[in-house]
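Below are structures written as structure tokens.
In what comes next, chain A is part of two complexes: it sits with chain B in the first one and with chain C in the second one.
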Partner chain A sequence: MQFMLLFSRQGKLRLQKWYVPLSDKEKKKITRELVQTVLARKPKMCSFLEWRDLKIVYKRYASLYFCCAIEDQDNELITLEIIHRYVELLDKYFGSVCELDIIFNFEKAYFILDEFLLGGEAQETSKKNVLKAIEQADLSYFSFSRGWI
Partner chain B sequence: MPAVSKGDGMRGLAVFISDIRNCKSKEAEIKRINKELANIRSKFKGDKALDGYSKKKYVCKLLFIFLLGHDIDFGHMEAVNLLSSNKYTEKQIGYLFISVLVNSNSELIRLINNAIKNDLSSRNPTFMCLALHCIANVGSREMAEAFASEIPRILVAGDTMDSVKQSAALCLLRLYKTSPDLVLMGEWTSRVVHLLNDQHMGVVTAAISLITCLSQKNPDEFKTCVSLAVSRLSRIVSSASTDLQDYTYYFVPAPWLSCKLLRLLQCYPPPEDGAVKGRLVECLETILNKAQEPPKSKKVQHSNAKNAILFEAISLIIHYDSEPNLLVRACNQLGQFLQHRETNLRYLALESMCTLASSEFSHEAVKTHIETVINALKTERDVSVRQRAADLLYAMCDRSNAKQIVAEMLSYLETADYSIREEMVLKVAILAEKYAVDYSWYVDTILNLIRIAGDYVSEEVWYRVIQIVINRDDVQGYAAKTVFEVLLHEPSKFGRWFGSVLLGRPLVQFNLLHSKFHLCSVPTRALLLSAYIKFINLFPETKATIQEVLRCDSQIRNSDVELQQRAVEYLKLSSIASTDVLATVLEEMPPFPERESSILAKLKKKKGPGAVSVTELDDSKREAGELNGGADRGPDTASTPSPSADLLGIRSAAPVGAAQTNAGSLLVDVFSDSGCSHFPFPLLPIHSLFVLLPICFHPCFVLGLSLHPCPVLWPPSSAPPSEDPAPPLSEADELLNKFVCKNNGVLFENQLLQIGIKSEYRQNLGRMYLFYGNKTSVQFASFSTTVSCPGELQLNVQSKPVEPLVEGGAQIQQVLNIECITDFCDAPLLNIKFSRYGGALQNLTLKLPVTINKFFQPTEMSSSDFFQRWKQLSQPQQEAQKIFKANHSMDTEVLKAKLLGLGTALLDNVDPNPENYVCAGVIQTKGQQIGCLLRLEPNAQAQMYRLTLRCSKDTVSKRLCELLAQQF
Partner chain C sequence: MLIVCWSPVMVEVWNGPGDKKTVEGPSRMPAPIRLRELIRTIRTARTQAEEREMIQKECAAIRSSFREEDNTYRCRNVAKLLYMHMLGYPAHFGQLECLKLIASQKFTDKRIGYLGAMLLLDERQDVHLLMTNCIKNDLNHSTQYVQGLALCTLGCMGSSEMCRDLAGEVEKLLKTSNSYLRKKAALCAVHVIRKVPELMEMFLPATKNLLSEKNHGVLHTSVVLLTEMCERSPDMLAHFRKLVPQLVRILKNLIMSGYSPEHDVSGISDPFLQVRILRLLRILGKGDDDSSEAMNDILAQVATNTETSKNVGNAILYETVLTIMDIKSESGLRVLAINILGRFLLNNDKNIRYVALTSLLKTVQTDHNAVQRHRSTIVDCLKDLDVSIKRRAMELSFALVNGNNIRGMMKELLYFLDSCDPEFKADCASGVFLAAEKYAPSKRWHIDTIMRVLTTAGSYVRDDSVPNLIQLITNSVEMHAYTVQRLYKALLDDISQQPLVQVASWCIGEYGDLLVSGQCEEEEPIQVTEDEVLDVLEGLLVSNLSTPVTRGYALTAIMKLSTRFTSVNRIKKVVSIYGSSIDVELQQRAVEYNALFKKYDHMRPALLERMPIMEKTASNGPTEIVQTNGEAEPSVVEAKHPPPVTQPTNQANDLLDLLGGNDVVPVIQTTVPTKPASAGGELLDLLGDLSLSGGPAPAPATSVPSSQPAFLLDGLTSPPLFNDIAAAGIPPMTAYNKNGLKIDFTFERANPNPNIAVITIHASNSTEADMTDFVFQAAVPKTFQLQLLSPSSNVVPTLNQGTVTQVIRVLNPQKQQLRMRIKLTYTHKGSAVQDLAEVNNFPPQSWQ
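Here is the complex of A and B:
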């Protein structure tokens, strides 16, 4: 996977993860272009499209679009399920996740993603194992700095 | 603000985010951000040392601001400080900031790397993971330099925790992608491969991505992974849906790992070991069987995961392309998907079938779905699905269904989305050409294409059409007639055809043409003017009318410089040139040399390399070859078409000087880019049209070349893309012989490449300039040349590598420095390799015209000296003699020029018989001087020569005698 973008129906970028080195300018350009392309598509259309020399796999969950760019030989359907598993992880962690959770706890969304995908490849697909790693971090926080909340 | 804020919720951050969200305008947002930045800056600069929590909170705010799209130019140091905190969440935020905002500030990189080093050696698995995540996220060269050698150790160490292994594997993968030279697996290879056997599914899932990437680059070193992957896959495929616990996803066991295993196997050919192969085929069959079973869940996740594995398995089956049974089953499965209610599956089925269509085992099976695919093209609501359908139709097209498919594509073009029209046009044009059985169909199709989608017909398409029409006598009549008729009714779209294809009564024809002149674009008008001058040549009765047209102000004073120049020069040409000159200047161009279809190239360029496979190319050539074989050709074209001949090049070149007998048959524009490109070598100064015209028509005359097109010397379809230099061409010696008595000229030329040479020699040293000209309109890639010298240490040739890219129409130069060490017989070999569009490698070897006589120093001597030395060289082996028939003119001046070109001194008044020629010279090698005497006795009556050579070295006598016997 080359990158993953989360954006709202209004086109606001909520999360961006880049697995290939690109300049900030290029990232902004890609984001603008893709957000526009994906938002213009109708609900019943297929979840895959060719874009530059990449394949875009996207899915909408409530107000959020999850959008991944994969390479030619990568599998579209399994990428769709990568997205779904990530949504499940967020959902499990936040409890009925909504867009606001991701806005206010953006750093958590990044941490969960890092436990699940690393360098653009699946690192751990077990929901239990990913959440264990994240909760451990939360626990370690409570044990050290409860007093600061 | 959400009610739940888990873990270490930072209140200040939440308030700030809330504020930003409540901003009514962009200006308000910027104001709020600037306020916050000022606040954070003052906190960071303040006297009071910040505690870890505050630091973390402010760094997190900065990160938020950056992710909103604003620039952040401070806070990096504070983030780096967080890295050395021993509180996990502080460290975590520090690493996140670094990962997102890293810049190549060298001072910081050193500090960051230090912190990472500490965490990696901390033995705290959560810290180690954080550090590895950071390396994987940043993935810079500096990090690769610092950690590439350390991570493999962590990956395979026995006491490393599973979670750390997972991070280490993918971290290494990222570093390998950025800096493959720094990641050396070496001794770790086997242990990394064995991670496929790891008990922990997460470790296998992470490791397999690394192994797949490494296998692609070093397949041999990693080939033991094949059997491990097969047995792992077999265990997963045969497991019950509950066996793998949390790695089962919606009743599908380990779908991610299964896909990756199948993907890894695609890096290798089918397993050679029968047992392994049997097991794998069993797996693939099981996967295909499962597709027919009723679903275990109605959830789309279940079917997606299951089908992801199925599609990956089908990719593997297509990759192997060796199991007809599996291929046909795959095709049937995809056929079911073509009518599935899920758009995603229809899309993927169309895409996957496209590759299946190119397998000989499944091509026919794919074709049975033609109606469904045509229906998809007509009814799919999503343009990206229609695009796939169009791709599949293109891929499944062959002789049997071409007419149907082309017709469907044409009718689709009428309503096609603008985004894909140009590509569709190219595809229609290619199919029409590739499968044209009768040319009237071809011409009709192309005319239709122009009618329907004129604006999307790129230049390449009409260039190509004209090339084809010009090279086929039998299609010209029909093409001309059809165009003429169209011209009467619908002129605007066919402008570009005018200039090329015409018939009928000359004046009527001219008047019709000219009546549309004002409707045409500038380039078309330029073509028309060229057509007019050809009218004058072919039909002198039109001369007065046309001259009048050319003379009028709108032509001769046209504001467009190109049109004005053409008008002026054509007018002048028509009035001052005699009919003979005019006929010569405007003589018909020879047919276009065979070359790859320019439209195929265009399509490839549009779709990126690999989109049009090499097999497809070969296929098209093969098809065209058959077609040519069956086509009705004139008696003078009985020569066997080369195996790679396409629609072009089916006629041998028109004989030089043959007048155009079939008046009115066809006119070629000399200025269009589609004409033969010949390189002026050395660059000819082209000042005016009058110089240009004859060059265009008689390039061979001007350049001193033979007009006969070279045979295709290394047909791309048959030459294996081998790395070894090809053996020298069969005519390499003949080419070499042309340069024995001269130093400059064109050494070699075929349809793709022209090689010119300029050389000079002094004593035992020489310098040669090689000019490589790309005659095609497309780039040559990986262009490389190598010079090798047969024989041991006889010649020393040094050269610099040439530019690897030669643009279409460009010429590049290479300089060779040559030193003659000792006398030699075999010429150095010049091997040239390049590829076009990343396709088949072109590989050819020539002999460089470096012959022993190039190192001659002429020696003047008196008659008595000559005979004295002649007698000294009287041992039988020192003399070489040959009697041979004259192959060239025996004219004295010609002979003298050749002998001087040889490099020797031509001695007068030596031989008692004035008809004979006597020469003397010394060959300079590095270690030796070799004296040579030559006597050439012509017998004009018998058209014979006797050539005698005496040299101080026997091998030289022999070699010179051989070389010279070819020259006279």
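Here is the complex of A and C:
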């Protein structure tokens, strides 16, 4: 995966994870164009589109679009499953997650994503293990800072 | 959300980074606003301007807080900065602060610090290198979650330098027994290898027992790591082939094992791992018989047993199909795979249909017959609502067209052409032309198909199709009458589609006599008079819908009819009217044609007679046969073919050429009178170093400017087609003079096109032996086009007893300085002689 973007139906960015080195300017340009392209898609269209030399996989959950750019050899259908897994993780963590949760706790959304994917690939395929790791990491703040003054 | 509360500090953990209470920290300043507070406030802004104001205010506060070097609230401030960054506001002044957070001992600091680094820093910033030491320390931290942060950051955005410095640490962690760290280290190693491929070797020992892990996370990331290594290095690939049995076993266990709640997705056990294993197997089995055989059974098992009701099952099937098609699988397995794709095509889920079409496109060359069986389903997908699916279906349809199904397929494709979006029309039209050319069952059908395309999608047809079609039409000799009749009728209906109009005008100009004589055999001949035809053509000249190019076609067509029709006076009148046209091109033509009526009337019939059949040069797609300005040259163009280029027999390749690249490279049209084997390639060699760099060219090897020798005028065997209308003659020049061979150039500015210089070469031989098998070749820089007509002979007689002449026509639309590289080959006194020379001393009048 080269990058993942989460954005609302009004085109507001809620999360951006880049796995390739690009300048801020390029990221903004890509984001703007891609958001426009995806938002222009009609509901009857499929979840995949070709954009520049990438394959784009996107899916809408309630008011949020989850959009991933994958490479030629990557499997589009399993990417849909990756997106779904991430949504499930967010849902479990926040309890019936909605867009507002992601807005107000964006840093947590990142932490969860970083426990699920690393460098664009899944690092853990068990839902339980990802959630456990987040829990423990959150707790470790406690034991951690207690240990150090 | 977890709530732990036995002290206020704990509550804060869950509500966001940073403390509410100012336990420590500067007492002069109020505590910076909390993150959630800020988000809430910003969201109340009703306009962009209001938002900007709030942001600016907060940024200022954050900046001063940073200046204070306040440790307590740094984390909170950076978090706020990250939020504002996501809204699109600049946050670069927080970069160093992220580094400070990373260096902090507090976990929440590190967490936000690393997040900030991943968002604000990238390898282009010098600052990011400062992270290296921190990361190194954190990779060795006592708490695995800190180590995890470091691995994650390094694996996400580490630069090559960082990777080089820290590869050793990553390698160490790859060998740890802690699976939480091991899986992260594996993916981090993938990133390191991508950044610094030379380091791949050092990870090899650590991969030894990666696959014996029970932990799925480690297994998954290990397979990814192995895949990366195999993709990058054939040696690694060979080395890891021995893992095939183990991979097969793991896959088998996944399928056979019962319900495992931890990894279950809709009844399938760890689909992510299954897909990655299948992908690795694909790489390992490709081109290797033994490996392919070892995985045959498991592939068949997965293909037949996987549940297809949900997307996840189909994802696995999809990967399986890709693997089957890529390795050396037995034919039964391949057919199974294609059938899976066929079933996919019927799936309600459009994503599945899309994926099926993509895969079929990849396999259509190798398993053509198997894919043919699904042709009707594929053709149905042309009617799908989704743009991507339609495009795939179109490409695949063209790939499946063959001699047997051409009629049926063309019907569907033409229907598609009628109704499809404009973005498809050009590609579809080109595809139809190509397919028709290859498989037309009859000439009549071919012409009809072309007509259908021109009339329904005429404005989308590519410009280079026009000369192609003209050439095609001239070849179908017995269809001329039918063709011109149909084109005429089409013109009566609609003159807006330029390619149609251009082809029609050309045909009417060429075959107008057949039109008025009512000779058509194929269908009911129409009654049309000469005046009616001229009305139509004149109508094109005056219509606003006609482009300048079209007008040129029309005028030339009218002119040509002067030798085919009896009403010459009307034509003369039209031609003389356009002699004062504002359009320079038309004016030039009209003036030339006028001159043809006046001074050269005796030559007119010969010049305007029926064109000979144009032979095709070796076809390489749509870039062949470029006529300068698309005008019909009355001169006979003798095109001898370069040796037949072996065409890739698979249609898909042609198609991809056709549909993919749109750049038409101007072809230098040269005709070589002898030695066809030496044509194309050598000229391109000649062109090799010929650059347009200004400045004085190096003194040409030969060309001693000489005074006009007497034989210059004697040797003229092919008179210029027209006297130059522009002023006095351009001085001749000696282009080459070496070893007794002298080549002079004489010039005319001629033709309807002022950008064409006509050069006649005169080769003479002052030695005492004949120069036989004489071949003159020329090449010009890219902005020019060049055409060589046939030479008068290929023997340059001894002792200046005669000359060989040859006409070169150079098109110089950009009026660049004319330069030429020439190559001479001949046999002299029994030995073959070859020489290359550059000609740079062209008189300015020849190209200005």
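We adopt the following convention: the second predicted complex is superposed on the first by the 140 of 149 C-alpha atoms of A that agree within 3 Å, B and C clash if a C-alpha of one lies under 4 Å from a C-alpha of the other, contacts with A are read in each partner's own complex, and residues count from 1 in each chain.
Here, a contact is a pair of C-beta atoms (placed from the backbone, for glycine too) under 8 Å apart; a residue touches a chain by one contact, two chains touch by 3 or more.
Quick caveat, the model's predicted, so the values are computed rather than measured.
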With the two complexes superposed on chain A, say which partner A:Ala122 touches: chain B (first), chain C (second), both, or neither.
-> both
Looking at the overlay, does A:Asn75 come into contact with chain B only (first), chain C only (second), both, or neither?
-> both
Report for A:Glu107: first if it touches chain B alone, second if chain C alone, otherwise both or neither.
-> both
Examine A:Ser23 and indicate which partner it touches, taking first as chain B and second as chain C; both and neither are also allowed.
-> second
Go through the superposed model and pick first if A:Gln36 touches only chain B, second if only chain C, both, or neither.
-> neither
Where on chain A do the contacts with chain B and the contacts with chain C coincide?
-> 13, 16, 19, 21, 28, 42, 44-50, 73, 75-78, 80-82, 85, 93-95, 103-104, 106-107, 110-111, 114, 118-119, 121-129, 133, 136-138, 140-142, 144-145, 148
Using the touch definition up top, name the residues of chain B that touch chain A in the complex.
-> 1-2, 4-9, 11, 14, 17, 21, 52-53, 60, 63-64, 67, 69, 87-89, 92-93, 96, 126, 129, 132-133, 136-137, 139-140, 163, 166-167, 170-171, 173-174, 177-178, 201-202, 205-206, 209, 246-247, 249, 254-257, 259-260, 263, 266, 301, 304-305, 307-308, 311-312, 343-344, 346-348, 381-382, 384-385, 387, 608, 610
In the complex, the residues of chain A that touch chain C are 13-16, 18-19, 21-23, 28, 42, 44-50, 73, 75-78, 80-82, 85, 93-95, 103-104, 106-107, 110-111, 114-115, 118-119, 121-129, 133, 135-142, 144-145, 148
Within the complex, chain B is touched by chain A residues 13, 16, 19, 21, 28, 41-42, 44-50, 53, 72-73, 75-78, 80-82, 84-85, 93-95, 98, 100-101, 103-108, 110-111, 114, 118-129, 133, 136-138, 140-142, 144-145, 148-149
Seen from chain C, its contact residues with chain A in the complex are 1-2, 4, 10, 13-14, 17, 35-36, 39-40, 43, 79, 82-83, 86-88, 105-108, 111-112, 115, 119, 122-124, 143, 145, 148, 151-152, 155-157, 159, 180, 183-184, 187-188, 190-191, 216-217, 220-221, 224, 262-263, 265, 270-273, 275, 279, 311-312, 314-316, 318-319, 322, 350-355, 385-389
